[in-house]
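Below is the structure I would like to discuss, written out as structure tokens.
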Amino acid sequence: GEPGDGTPDDASAESVETVELSVVGSTTVQPLAELLSEAYEAIDPNVLVTVSGGGSSVGVKSASEQTADIGMASREIKDSEIQECPEIVVHTIARDGIAIVSSLDVDVDGVTMEEARKIFAGEITDWGEVGGTPGMITIAAREEGSGTRSAFEDLVMDDAFISETAILQPSNGAIRTTIASTPGSIAFISFGYLDDSTKPMAIDGALPTSGNVNAGTYPVVRPLNMVTYGEPTGAAAEWLEFIIGEDGQAIVAAEGYLPVN
Amino acid sequence: MTPGIRRTGIEKTMKMVLMISALASVLIVLLIFLFTAKEAMPAFREIGIGKMLSDTTWRPGNNQFGILAMIAGSGLVTLGAVFIGVPLALGTAVFLSEIAPLWVAKIVRPSIELLAGIPSVVYGLFGMVVIVPWVRMIPAPGNTGYGLLSASIVLAVMVLPTIANISEFAVRSVPRGYKEGSMALGATKWETISRVIIPAAKPGIISAVVLGLGRALGETIAMIMVIGNSVILPTPVTSNPLSIFLSRARTLTGNIAVEISYATGVHESALFATGVILFILIMLVNSSARFLMRKGARS
Amino acid sequence: MSKLETEVTRMKAEDYCLFYGNFRALNNISIEIPTNRITAFIGPSGCGKSTLLRSFNRMNDLIPGVTTTGTVYLDGRNVAQEDVVELRKNVGMVFQRPNPFPKSIFDNVAYGPRLHGTRNRSDLAVLVEKSLKRAALWEEVKDDLHKSGMSLSGGQQQRLCIARAIAVEPEVILMDEPASALDPVATLRIEELMNELKKNYTIAIVTHNMQQAGRVSDYTAFLLTDENRAGNLIEFGPTKQIFTTPSDSRTEDYISGRFG
Amino acid sequence: MNKRSFAQNTAFGIFWLTGATAVLIMVFVVGYIMVKGLPGISADFFTTSPRGGLSGEGGIYSTIVTTFYMIVVTLAFATPLGVGAAIYLTEYSANTESRVVRKLVILARFGVETLAGVPSIIFGLFGYALFVTALNMGFSILSASLAGACLIIPVIIRTTEEALKSVPAGYREGSLALGANRWETTWKVVLPAAFRGISTGVLLSAGRIVSETAIFFVTLGGSYRVPHSLMSGGRTMALHVYYLAMETRAFDKAMSTAAVLVGMIILMNLIINTITSRISAKQG
Amino acid sequence: MSKLETEVTRMKAEDYCLFYGNFRALNNISIEIPTNRITAFIGPSGCGKSTLLRSFNRMNDLIPGVTTTGTVYLDGRNVAQEDVVELRKNVGMVFQRPNPFPKSIFDNVAYGPRLHGTRNRSDLAVLVEKSLKRAALWEEVKDDLHKSGMSLSGGQQQRLCIARAIAVEPEVILMDEPASALDPVATLRIEELMNELKKNYTIAIVTHNMQQAGRVSDYTAFLLTDENRAGNLIEFGPTKQIFTTPSDSRTEDYISGRFG
């Protein structure tokens, strides 16, 4: 199967032959989608889901141009993208909190939204200024254009810019590695990447947990989306249904993301 | 005569086919240039080449696309690599061609071949887990280990084989007669090497270094894994000017690889423009190496 | 060989054998090189002429895997026990193919003296001029001493190499087919030069060319390979005698062209 | 005299040191990777595919398959083109010909030299713009190997040219003098004599494909499924190392994969050295 | 030259000049190669012997920058207008250094016939045997036809190359110093072979070796470079006459060894 031939019309469900679904896009969603595809294969072995990266924009573009069956985007779909291809349909499969994390040696447990903005803008440069043991703050951030960064900028930075001196890493995993190994460092990562190698930091008193998000007290949240050209049919529809369904959402939750319902 | 005609037919056809394959490289180069340039056009038109080359601020979200900082980053990391790698490479080249006994050369040469074969992602990984923590131990404000120094060290090892191989070849192709002539006049081996062999091999050695430079400028994956990727004009972090190498930076290649996944519109086009500039830069470097080599061959 | 007894021996090989790895290239050579004479080594290709010549200044030391037995003497001292740098200063060499360094004419000639401690610019200038004059090259290059040695003609390059060898004031000059790369005119120049040089130096040459050996040398050594391809000295004596009344029939065969 | 030999001893000491440093660097890099990586390698590691998203679980089966696919497909594109070009440049271009042809040869040489210097990320950009996007091939083995072929064509051309040049001129003259034409001479005499040299070049290029990351990063997609057609995306071993190192925290797996990669490269070098030493033994 | 008139001319050069780029290597050569005779080209190194020989089967076409004026004929037809593949089939060549292909002895000899359309295995076997017999190599290799041609001795390799040349049944065989890489015994074999072959073939050889030319050839052409280094034909005639009563003093000088 070519990526193009799995369009909704010809992905016939009756066929017992293996149907291949190509899923392309955000590298943040990619690991989650891979897990979801592994789980779905156990249910329906005739569907083979191939998950490729490329980035959110590539995901939307691939779906619009029908070069992939499903696009992945770790951000809201832009107006310009919808204008270019009004046929696309967006399926939010999960929500993702974006957590501020620091290295384990940092003794600051939380910051206000304002402080967070100033730290990432490079205006506050010492942990002493936010109540910690004085020491230089090292910022790490995702690259320009990444879904995580755009969401963080929209939700936290207002019109300020993330400092240019920040270490930039092209993936959440690399950010986490950087923070884990660099004393006095701070960064933002997707909830899915939280583990005990870094220390989550409260914003305005709310720690980055699903509970706080659901309660509406944790403010930094973005959707994780799947995009199709037109309403999905056949295998694509079934897989997306599975994701939204109970089993799929359980996996979403287990990975640290927030279920959609 | 049928076999005669058939033979001539095959000969003519094959000649055509072979000529076309020979020209395929030209076609590819042309296609590469056209396609990257075409994609880069919107950026050049909207931002302007001059502005891109002279502006240090890269902030795609705010429509600022200066790549001077990246040019500086590429330049500095290459400089650092040359500084560390070239003495080592040249020493190894002279050692292999003039000094090492056969059994030692049989150990050193495969080692260098192996260094040349190790994938750059493995160097990057090695840099992340070994070099970066080492560099982090240097006490300086803001030193995280990620930065020019780590990148230069990794890059030095990566270009060592290129430079060593080509300059060993240059040293080896110095006519035996020079060596014998010098030794017959009562020169020691070192005097012969330093006064006759190295001067005679100099054009080759220089072009080896320049070629290594081209290689270094083009390295991507290993760089993004250790250099920190910040878009800043590197500056010394302490009063010691050498501490500029503790500064983070981004290379031209890194700029492309880091951002290409998520870029759209002018941003994407600006990355292709970065590619075009890198392409031209490397063509300049490589053709100067070629020029030096030719000049050396002529004299 | 009677005439040899009246000569002063400068260099001498005694029961000399040389091996390239396991291959015996020279077998039991004993020969004397008389002072202020020109001694020619002749013989078919591969008989060991070059190898023997290079034994006198230990150039064979540069080739990995070479071993020797027997002794080579310079002025009665075993060369194997001399400092090799000093030895080569005293026993100069000119190669088959002219091999000037890619340096200026001046620097080519000054190369040896500089190595051996002459630093003073005017001393060097004097020495370079003297050497180039002796090598009969001075008139042709005196206005272009800064020109690259490589830009000279083949014959001039060969004379430059001779000047370079002379400049360190050796006692002996070894020449391995010094004229084989040259045209007849240049060859003639070199031959005249050798005749001139033998007043001050002891010269040993290898040559392929019977006529040349006959014209230029005082003594001739004829080498030939035996059934194991090892080089043996067949006959050695005054050139006249070797060319007119050789005592070995193989010498006669070779000289009259019945070999090779 | 003493001063002169002192200078020599010092200088040679330094050279020995640099030679030793080069070896030590190799031993350290390879040793480190092996020590960290080998313990994680088991039979399972080779027979299972990566799974479990961010956890970096699983082995490298599918990445081996993808790497293999990439080698085969890329070489299938690049070898005929590269060898053909090299034949033209060495066997045909020396002939006196029209001006035009000679200009074309100069142009072709320029093309090869330029191509050899292009950094791989540019091939990546190009492949992304042309094959992935413009020609609609998507992230696929086809796109990636077309872009990869551009990278190795100059390598194949150069090594093949070397191999062809080392074929004694006497073979060609002998064949031509018997009334063979150029192509017959090339096909029946020159190519067989150059075969070993050419295979070295092809093997060398296979090594480049195994090592390459930047190009495939933007053309191959990175799916860890076992590819089943040219249009499937995939993840080579080198790319897997990158994902493991940058995306997950499974550094141990990254090291193990790197160890396998380095092992493969060592193996290839050994094969190449055996081939070339046999060549030189035959010629020497 | 009177004796030549009684011969049948197989090949002929008329007012032939050859240039390597701007350098005139052959100047106005006119010469005839008589059928079923051995014609030797002699002259000092660089006088153009090889160049002239290679003109007869257009091997010089392979060298970039070569231009010619004048004409070369085979059986009265201008070779420049013949199909070059056909020409080389009719005018075979044996090179200075034996150059067997890295194939079996059989495939070496069968190479030419296969090219020219003989595919039948048994036809080929007959042809190979006949050619090897004519080249006086059959007895030595008949049990090892599958062995690589490279594994033979130098003299055997040269005979293999001769067999290879004969196998396409040419009219003329050109040999460029066919014995220079060989030892005296192998040389003798090749010379006997040439005498044998001239019954069926027309042969032209280049040789450095006066003795060889004297021994083996029927006609001798002596070439010499002029002041511009261009090769000129000085004298051509029956070998006896050239060696005993040359009409040009330079021929005499060369043959008696006063040149080079």
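Which chain is which? They are A, B, C, D and E, in the order written, and residues in each are numbered from 1.
One rule holds in what follows: a contact is a pair of C-beta atoms (placed from the backbone, for glycine too) under 8 Å apart; a residue touches a chain by one contact, two chains touch by 3 or more.
All figures in this text were calculated on a predicted structure; none of them were measured in a lab.
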Of all chains present, which has the mean Cα position farthest from that of subunit D?
C
Applying the document's contact definition, name the chain pair with more C-beta pairs in contact, B-D or A-B.
B-D
What's the distance between the Cα centroids of subunit C and subunit E, rounded to whole Å?
38
List the centre-to-centre spacing of subunit A and subunit D in whole Å, with centres computed as mean CA coordinates.
36
Chain centres from averaged Cα atoms put subunit C and subunit D apart, in whole Å, by 51
Inter-centroid spacing, subunit E versus subunit A (mean Cα positions, whole Å)
81
Multi-chain contact sites of subunit B, meaning residues that touch two or more partners:
7, 128, 188, 191, 225, 257, 260-261
What residues in subunit C touch two or more of the other chains?
85-86, 115
Which residue numbers or ranges of subunit A touch two or more of the other chains?
27, 53-54, 169-170, 174, 177
Taking the touch rule as given, give the residues of subunit B at its contact with subunit A in the complex, in rising order.
57-62, 128, 132-133, 136, 141-142, 144-146, 224-225, 228-232, 248, 250, 257-264, 267-268
If we count contacts the way the header does, which residues on subunit A are in touch with subunit B in the complex?
27, 53-58, 136, 138, 143-147, 150, 153, 161, 164-170, 174, 177-178, 181-182, 185
Flag every residue of subunit D that touches subunit E in the complex, lowest number first.
94-96, 168, 170-171, 173-181, 184, 188-189, 192-193
In the complex, go through subunit B and note every residue touching subunit C.
102, 175, 177-188, 191, 195-196, 199-200, 299
Subunit D touches which residues of subunit E in the complex?
57, 59, 61-66, 85-89, 92-93, 95, 97, 99-103, 111-112, 115-116, 161, 164-165, 168
